[in-house]
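Both of the next two complexes hold chain A, though its partner changes from chain B to chain C.
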Partner chain A sequence: MLKRVISLLVSYLVLIVTCAFSVFPLYYVFVTSFSNAPSLISLDIPDLIPSHLHFSAYKYLFSSGFLERTSFPVWIRNSVFLAALTALLSVALAMTTGYALSRLNIPAKKTLATFIYVLTFFPYTVTAVPLYLLFAKLHLLNYAGLILAYTPGTSTFAAFLAKLSIDSIPTSYEEAAMIDGVSRFQAFLRIVMRLALPVVALTALLGFLGAYLDFALAYAFILPNVKLWTATIGLYYLAGLLNPASAPAYNIFAAGAVLMGIPLMALFLVSQRMMTKAYSSLAGVK
Partner chain B sequence: MEYVRLENVWKEYASKKGRVQVLKGLNLSIEKGELVVILGPSGGGKTTLLRIISGLLKQDKGHVYLRGKLVDELPPKDRNVAMVFQNYAVYPFMSVFDNIAFPLKIAHEPKSKITEKVSEIARMLRIEELLDRKPNQLSGGQLQRVAIARALAKGADIILMDEPLANLDAQVRVFAREELKQLHKKLQTTIIYVTHDQTEAMSLASKVALLYDGAIQDYGEPLEVYNSPGNAWVASFIGNPPMNLFEAEVEDGWLVHREIRISIPESYSQVAKSLKRVVVGFRPESARLNEQGISAKVRMVERIGLYSILHIETSDLELRIITDPKSNFERGDIVSFSVESVVLFDAESKLNLLRVR
Partner chain C sequence: MKTNPSLSNLFYILPIVAVILFLFLYPLAYALYISFTNMNTFHFFHYSFVGLRNYVSLFKYGYFWTLLGNTALWTVGSLLPMMALGLALSLILNQRDLKGKSVFYAILILPWAFPGFISLLVWQGLWVDPYGMMNRLVLPLLHLPPINSLTSVRGAWIELITTNVWLSFPYFMTVFYSSLQSIPNELYELADTDGAGAFTKFIRITLPSLKGTIAFVFITSFVFTWNNFYPIYLLTGGGPGISTETFTVYAYQQAFSYSNYAFSSALSIVSTIIVVVMAVFVLRFTKILESIT
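Then we have the complex of A and B:
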């Protein structure tokens, strides 16, 4: 009995400590966003439990007309748009590639799969400079270019995941559909994609996150065009981080981070539901 | 009327060890409304054959005709066949109703017609109360019915079945077999059914085709194949225990192998006359123990319950004969037996002498 209590105590202690470590930064950002002191240093330990909530940072972010009459919500909308397209393209690319690697009789299949796997080891931000030079030549320093640059960041890894996931789906499911009257492509869309839904959701989530949170590539590609700015560039600009001469306003940065988190939260809830639903419907199927 | 015809079909697979010829010039012709069971050892190309008929796989050489029309270039969706898979392939994310309705939805049938048809088929297969359920709430036997229901819903008059009963436990399998037989009687659809289970083949088939070494070795009604196998391989495959086979000399009216002497039956007397050596086959159940027959030594006794199998040794041969379960032979006993009926095969080609023309 005592042994059980001790082991429970120890495990809860470990959980509480790790939880504190992961929750504290989020809480810190949240609290900072409601303070009107722009400097991090001015925040003291008693300030961690704020006595008064200031909305000045949020007000500032929602006021329009910074540069060329744009505003932070517009930049968030831009980011969501970019990220959504990236997620869609990533899913399409990863799933078709995964399907081909898993099912179709294509030449050099094994080499290709290994190559894709190895590619995922490289961080894609190192490609920012060569991509900038290449895309400048191709007139792709715009959203199309950004999406093209973001997509491989997720889809190479996801293609490999998709291949593994499709490998585990018995071919008879899509064959049954093909005999029942659909083409191979339709069977892929209606049956394989549906059975591989956890990977589809994961790919979409990763693709969205990658594009939504990117700063380096967006900064390199679209800095001159304020109307096209993404939320990350906007936030850096508004918090004074783009200009080394100005003092950074961390309360604004924190408020922007909280606002940017809202679409992510929504997406995460949806994709998590999709994943658990997909898993539960697959349970017990041989 | 010839409904399904395979003409000189060849299929080769590339594997790690090189190329494997699975089908080597296979010919088969199936009449309308028959339930043809394709029987053969595992890995013999039975499933390959079904996949070629359905169009999921394309043959390297040869032609497939369905309903008298060449379909080599048609994709599976345009061949108007239905298929039941060994693992049922019932979509786990759809309800039973949606599964059965799937082929109808694809064909863009009106909703009222879909509902009507699905409930009609569900009633026939007694799965009406399962329509709202998800596949993971069903038992193996129920899943198998859903798979058959989906195949029927399509309304195709050719149904392919790839070992549909293999994943069921023994008791359910016997019921399912009987039901399938009744269903076929009622619907009169052409069914091509693949299995490696002899009992299933014998009890279900209106005709059985034996697939081995890339070709159909024998094709006919189950009992005809059993009693008069087309060649020595078929004789050694069909039956449990299978037919006893050994080579013998032909000596004016007798088949002789050392101490064994069996008289040539009348039906073979004409064809056997000109031959020196033949392969003799006799079923374990057509041997009778008696006082003055061929004498043999008992090597082993298998007591099945319904009968006992004696493994006996005589004239360098290991033979199996079936006896009364009440007999109490032991290893080492000397028995004598005579053979009541034999089948003769050509010593070279191993073909049944009666079927050679």
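Then we have the complex of A and C:
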């Protein structure tokens, strides 16, 4: 009995310590965003337990421009635009591929499926350099190029989830509709897409998050054009990593990190729940 | 559609084939081509063939072995503590008489939920020596010496791995926790009636039940961590010198910081070959392919 009490006490201790470890950086950035500390040096240890909340950093983020009159809302808008188009393209690509791999009679289907699966292992930084050089020649170092570069990653991965999810939908629904004179493509759009809606949503969410949180490609493609900057480049600049001398105050970076992080955290938790569902259906196939 | 079904079927598969050809294979072939030239800032439009020179210098000056060693240290050095912490926490949370599980779980999952890129920028500020909070507050509180990743190789690795563990342990905790919950309770009750201790139960019941999950998670995370770009790029930038540089980070920097496109392409090709070999190994080992194609 005493042994059990001691092991429970140790358990609580470990949990409390790791919870502190988990929370500390997030608490730190949250508190800093409400401080008026202009730099890391001026941020003091007592500032971690604030006596007064300053909203100046948030006001500054929304009121003024930083470089060439771009500002935080512009970066967010750019990122949302890029991410939404990537999500749309990823869904279209993943669903048609998943449908073809699941339902249609296509030559070399198995080879193609294996090949697509191997591609999901590729880091996108491996193709970043050649894509950059190719796109420089094709005048695609812009949003069109970025969307083209973002889409393959999500859609190859999502194509598999789509295939598995379509596998589990009985073919009788589409067959009945097609006997009634609906074309295969319409059956795909109206019936399969609707029944596979969780995977459609998950693909859209993954495509959105992937593009929204990309830094490597955006930095390589569009850094010279400040007006095109995405939120990740903006945050990198605010953190003082691009040009320490010209970066605004550190509490402004913290406010940007909080504003950008919290909605994405909510999106992540939603997609997490959906992922777990998708994986449990995958486990059912195994 | 009735006239030639196979032709209309191709309509569904053409987009992905086009994407693979133009956005995966063509760039890779182009990288291969560039890697045999001397394309850089000085020879951007008028580059010439130099044969295997880029590959030779990759091996001759020891870059390859340094990068391979760093990448291996980064991958294994991150994965082992991540998995150990994830497993320990999942075991702790799985105790029946523990109170407040959902609260602890909700807090512990936060590092995974908060966008990694932003967390890394925050951690970058935390680690700055001597003004960052790690060196001013946390390390002194724990009676540990300060860490300067600009001068100390050891310090740089400690910083990278600590941050990476923070980013990823909730993933392992979640996966292990859900697979622990699927172990039937009767097994433990039977062991209890046989008078087995906690350690015996762990070795005989828990570990064997988790074997499949651990293998799967280890192999997939291995490839992910091997390719992982942001932590190193944002925290140490591969420094001091090139002592924390991995294939992915170094290839990116060579291209976009130093315009050494040819050398960077050679690195990308080498790292792609390694990744493909690992991918094939994963496919063989996990037998995932049989279940999904």
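Criterion: the second predicted complex is superposed on the first by the 212 of 286 C-alpha atoms of A that agree within 3 Å, B and C clash if a C-alpha of one lies under 4 Å from a C-alpha of the other, contacts with A are read in each partner's own complex, and residues count from 1 in each chain.
Note that in this section a residue touches a chain if its C-beta (ideal position, glycine included) is under 8 Å from a C-beta of that chain, and two chains touch if they have at least 3 such contacts.
Predicted, not measured: the structure shown is a model, and the values here were computed from it.
In the superposed pair of complexes, A:A128 makes contact with chain C only, with no contact to chain B. In the superposition on chain A, A:L164 makes contact with chain C only, while chain B stays out of contact range. By the touch criterion defined above, A:A220 reaches chain C but does not reach chain B. Of the two partner chains, chain B is the only one that A:I191 touches; chain C does not reach it.
Look at A:A177: by the touch rule set out above, it reaches chain B but stays clear of chain C. A count of residues in chain A touched by chain B and by chain C gives the higher number to C.
After overlaying the two complexes on the shared chain, residue contacts for A:T114 are found with chain C alone; chain B is out of touch. Common to the chain B and chain C interfaces on chain A are residues 183-184, 282, 285-286. Interface residues of chain A facing chain C in the complex, by the touch rule stated above, are 4, 8, 11-12, 14-15, 18-19, 21-26, 28-29, 40-41, 43, 45, 48, 92-93, 96-97, 99-101, 104-107, 109-110, 112-119, 121-123, 125-134, 148-149, 151-152, 155-156, 159-160, 163-164, 183-185, 188, 213, 215-216, 219-220, 232, 235-236, 239, 241, 250, 253-254, 257, 260-261, 264-265, 268-269, 272, 276, 282, 285-286. For chain A in complex with chain B, the touching residues are 170, 172-173, 175-184, 191, 194-195, 197, 278, 281-286.
Interface of chain B with chain A (complex): residues 51, 54-56, 75-77, 79, 81-83, 85-87, 89, 91-93, 102-103, 106-107, 134-136, 150, 154, 167. Across the complex, chain C meets chain A through its residues 1, 5-6, 8-13, 15-17, 19-20, 23-24, 26-28, 30-31, 34, 39, 85, 88-89, 92-93, 95, 97-98, 104, 107-108, 110-119, 121-126, 128, 131-133, 136-138, 166, 170, 178, 223, 227, 229-230, 233-234, 248, 251-252, 255-256, 261, 264-265, 268, 271-272, 275-276, 278-280, 282-283, 288-289, 291-293.
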